[in-house]
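Each of the next two complexes has subunit A plus one more chain, namely subunit B in the first and subunit C in the second.
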Partner chain A sequence: MNILTVDVGASALDPGLALFRLKGHLDAQTVRELETRFDEQVRSSRVRWIVDLRELEYISSAGLGSFVGVLSELRAQGGDIFFIGLSPKMEKIFKVLGFTRIFKVFATEAEAAHAFQGA
Partner chain B sequence: MPEAGEGLAENSAGNLLGQALEGPRGLSIRTKLAATLAGLVILSLTLMAAFILWQSRQALLQESIRRGLIVGRNLADYSASAVLQKDSLQAIQFTKDALSDDAMVHAVLTDENGVILAIRAASGHPPAEFGAKWKPLDGPAVHADGIPANVQVVESSDPETGDKVLAFSFPVIKADVQVGNAYIAMSQEKIQQVVEDTTLKVALLAGLFVVLALFAAVALAGVIVRPVRRLTRGALAVGSGDLDAQVEVRSFDELGVLARTFNAMTLGLKRAQKELVEKQLLMQELNIAQEIQQGLLPKKIPVIPGYELAAFYAPAKEVGGDLYDFIRIDAQRLAITVADVSGKSVPGSLGMTMARSVLRAQALSQSGVSETLHKTNAVIQPDIRRGMFVTMFYAVLDSKEHTITCANAGHNPAYVVRGGRLIEVGPEGIALGLVPATQFFAEEQVVELVPGDLVAFYTDGVTEAMNAANEEYGEERFKTVLAAVAGRPLGQALQAVLDDVHAFVAGAPPHDDITLVLLRRKA
Partner chain C sequence: MPGLSLSEAPTALPDVTAVRVAGTLDIATLPQFEGVLRRLRDAGKVKVVVDLAQLEYISSSGLGSFLGTVDPFRAVGGDLVFVRLTDRVQKIFKVVGFTRLLTLMADEDEALRHFRGKAASLKQLILTPATSSPHSGEGFEMEVLAADDRGNAFEGFNGEASLRPSTGIVSPARIGPFKDGVWRGKVALTGPGPTGLRAVCSIPAGEVTGELTFDVLETKPLAVLPVTILCPGCALATEIRAFNVYRCRDCDEIYFIDKWAHAISLKAGHRGAPPPPKTVNVSMPADVNLLAALRGFMTAVLREHGYGQDLVNDLELAADEAVTNVVEHAYQYDTRKTVFLELIMEKKQVSVRVKDQGKAFNPTQAEPVNLDQHIAERRTGGLGVHLVQTLTDSVDYRREDGFNVLTLVKKVVKA
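Up next, the complex of A and B:
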């Protein structure tokens, strides 16, 4: 049984930003946990997210789909998802799927937070 | 006939429940406890009373004998001279003194021939006349410590009133010669009275204790029976299918433990049942999904002059969602596609069904390769389940021009193996369903095929196949094995690649579908 831990909190750089830290395996099973946390943030009207994948070991297509699933809702409310901490392998997956054309990817939380401030 | 069988099973279960509902047969625990406790109380009180009575009776008897001995001894000693001289007047005085003890019934002095010298009764009516022959009272002899050998003590009754008495006879001795006898009789009424009083008190006490014991038994039975009844109700509820039934537990004794065990059992049953139902549902869903999936795959491999085709598809147990397809566009063009849907199970299969149908329709509309993916995305994107997407490699082979025109919607690249070297064919594009038509794009790439070229289309189930140590098979291994087997007959080449994947995975259960399609331009 693969495990995913999702740690959600306000970004230290900007309390208006939600910072998701994912750890472990994000697959068709564990994605439910993540989607629950998505709903919590959307309900509390926090729609600008930074998702840190640095400690994520594996991401399945269902896991990737969950970000696409929530994206239109966030953007409709002026929010977005910026990714940070992608491994070279994940970068490749993002590129192959065309995710890099949908999501912005940054190297650090500071860069992502800065991009949100500019937006 | 399964319905009849089930009906029978239900009936017998119903009967059992019905029997349980009737309650206990025969004596209830309450009655049994009450009877046992009452019996025990009565038995112990009776034994105790008997013992106490016997003890007090013995003590009183001893006391009577002691007093009798003193009175009788005094009478015999003091009257010795008077008896020797047959002085009745003096003798009477001694008998009168003897009667000063209030338990005394009568006192008699006789000469050595048993002729009465003096007789006196407490009642004033002596049982015999002066000068008559005294008939000593008869009865069972009493043996007790302290009775001298020449003194007889018997239990008898007062010839006048019939009351129980202790009769003593003493020798009257003067100068070592027996000159007569002294007889006294002591009433035992006192003893009798005490015995009767004690018996009555004990009986009253016993009655009181029996009543108390009965109350205690009923209360105790209640304490025991109440949790048992609760357990019975709980068991009935569980029996009739309510697995949420829990028994309230307050005590920590054996019944408390039983109730807690019962609750744990019910929870366990519920969990087990839930898991079973979920598992069955999942299995059912997976079966449906696989059926849909299998139905999507081509029934046979098309035959193209100058070309060979081979395809392999193996569903994973849980995830699923791969597809390969061949669409004959016209006499010289064949579309080849491999695709992977992000969802699993039934929703995934339905998403794929939609993508396949739309693609087939678009492919036949003589559109360009990139345009076909564009149109497919435009149709499915608004309808596909949120967060679900389909990656698709779409290639059109022109068997006259010897080209493949490829477009790629977020899928793994294809590889062309030519003379032992690999050419990656991976035009950029976005997976189908992710973005609306305005944002969608899929580049197009044309590759010319020379005789002997091998083209491999696959899904990530191949390259991401994992062994037990969670290591991926990986693209490098895949590319190496492709280059190595490219010269073999196509079927063997396909098998060799799969064997290599299987050898790497070494029995670990597949976590994704595996799809591999090989195309070769004949040499």
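Up next, the complex of A and C:
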């Protein structure tokens, strides 16, 4: 039940960007799957990520922590994580943990891709 | 005053019959007495309490008959137990040596205890559920018997027991108090799949357990309206258009239709709908793979009790964080260990109490979160405590009797 689906591919707007689409529940169980997918991208030197949370129904700190854990690795290689598609519920958790200060959040994939191109 | 009057009556035990003897037992009335007993034996009623309180006179031929009637009952595993002997009859029985040959007892209660079998010690718990394949999350009736090693009730037990599932969640996690060695009530398991359920109680001699395996089925599909139901009182078919309380047109039965289209009679023993339980307790193995099931269970219970979406979301996350911490820190991923969770639902607040028997761990003493430092150190953990504290109105930690007890309280905010 409520298993996480992680769909990773190149952004249609810029093949240099990895687009993560998360669906379902991201918790202490399912985060392991996500971290495997993180490693794949880091190994293939794709370090600029857009993470789409539109279809993510639930996230706990175990899931959020995985983004914190990988961030300095990405930034060291000139990459970053931009989030899109936050529901009000996700936004609240991001604010509570101070994520909005650390991560950039955009409404759409186009805005996030544009921000990467400007960076 | 010649004549004999014999009357049969049921007792508190379904397989025990009482026979009341009044009047005179002599050569003339003896066949009548023997006839009644033979009829009982032929009908398979072989456990009989013979009440002699009204027996006024017994002749020597009557005495002989007593002995002759007992053996056929004992031969098939039953017995005749004679109770409430008058002083006069008692004296006669003693003189002829019957006190050694017959089972004599003070009254019917004592006789029933005799028939039920008196357990000398508590050795096991016997689980008898109404079904061995319940639907996930749906309560079913279960009886738990505190018994000796032969399965006789240990009536002296009136304590509590805990329920522990091999997987998934059980509610309630604690059952009791037992009454005369028996507990009866509703139990729910989550599934689907095979699930072992262990009942455990602690007595001075150690732990006493009982175990049973269930095949938990997928959650029953909700009924689609309109649906035709049968009145639980008279079986009158009625088409209903809402899950609500109805009064039968024919028999005046009052009943409630739940979301699965069960018709639940509200007449027996209570007025109106029974109040929903205010405290729900569950236990589960310390396994992160069960977090989703736990959240599903919690949100369903809270929603059913009418709490708002914001409170449900916040407590769902706070409880997940608390249980994740227990699994990681207190139990260090040992899935054989048990996490206990209690939801206490009140009008103005909801409390979630998480208990574990792991090593002492006080999450409220964790350092404040410094995200920049987390990022620099590539730390993935340590955020949960902060979430718990922010999402709830109070967090209290205690170490009690070898348990970590973490209580999270969320106040109800009027929209």
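Just so we're on the same page, the second predicted complex is superposed on the first by the 117 of 119 C-alpha atoms of A that agree within 3 Å, B and C clash if a C-alpha of one lies under 4 Å from a C-alpha of the other, contacts with A are read in each partner's own complex, and residues count from 1 in each chain.
Note that a contact is a pair of C-beta atoms (placed from the backbone, for glycine too) under 8 Å apart; a residue touches a chain by one contact, two chains touch by 3 or more.
Bear in mind the structure is a predicted one, so any value in this text is a computation, not a measurement.
Model built by superposing both complexes on subunit A: subunit B and subunit C clash. Touch criterion not met for A:12: it reaches neither subunit B nor subunit C. Look at A:101: by the touch rule set out above, it reaches both subunit B and subunit C. Counting residues of subunit A touched by each partner, subunit B versus subunit C, the larger count belongs to C. In the superposition on chain A, the residues of subunit A contacted by subunit B and by subunit C overlap at 27-28, 60-62, 64-66, 68-70, 96-99, 101-102.
Residue ranges of subunit C in contact with subunit A, taken from their complex: 288-289, 291-293, 295-296, 313, 316-317, 320-321, 324, 327-328, 369, 371-372, 374-376, 378-384, 386-387, 390-391. Subunit B meets subunit A in the complex at residues 318-319, 340-344, 386-389, 391, 409-413, 426, 428-431, 434-435, 439, 441, 511-512. Within the complex formed with subunit C, the residues of subunit A that make contact are 1-3, 25, 27-29, 58, 60-62, 64-66, 68-73, 89, 93, 96-99, 101-102. Within the complex formed with subunit B, the residues of subunit A that make contact are 27-28, 60-62, 64-70, 95-99, 101-102.
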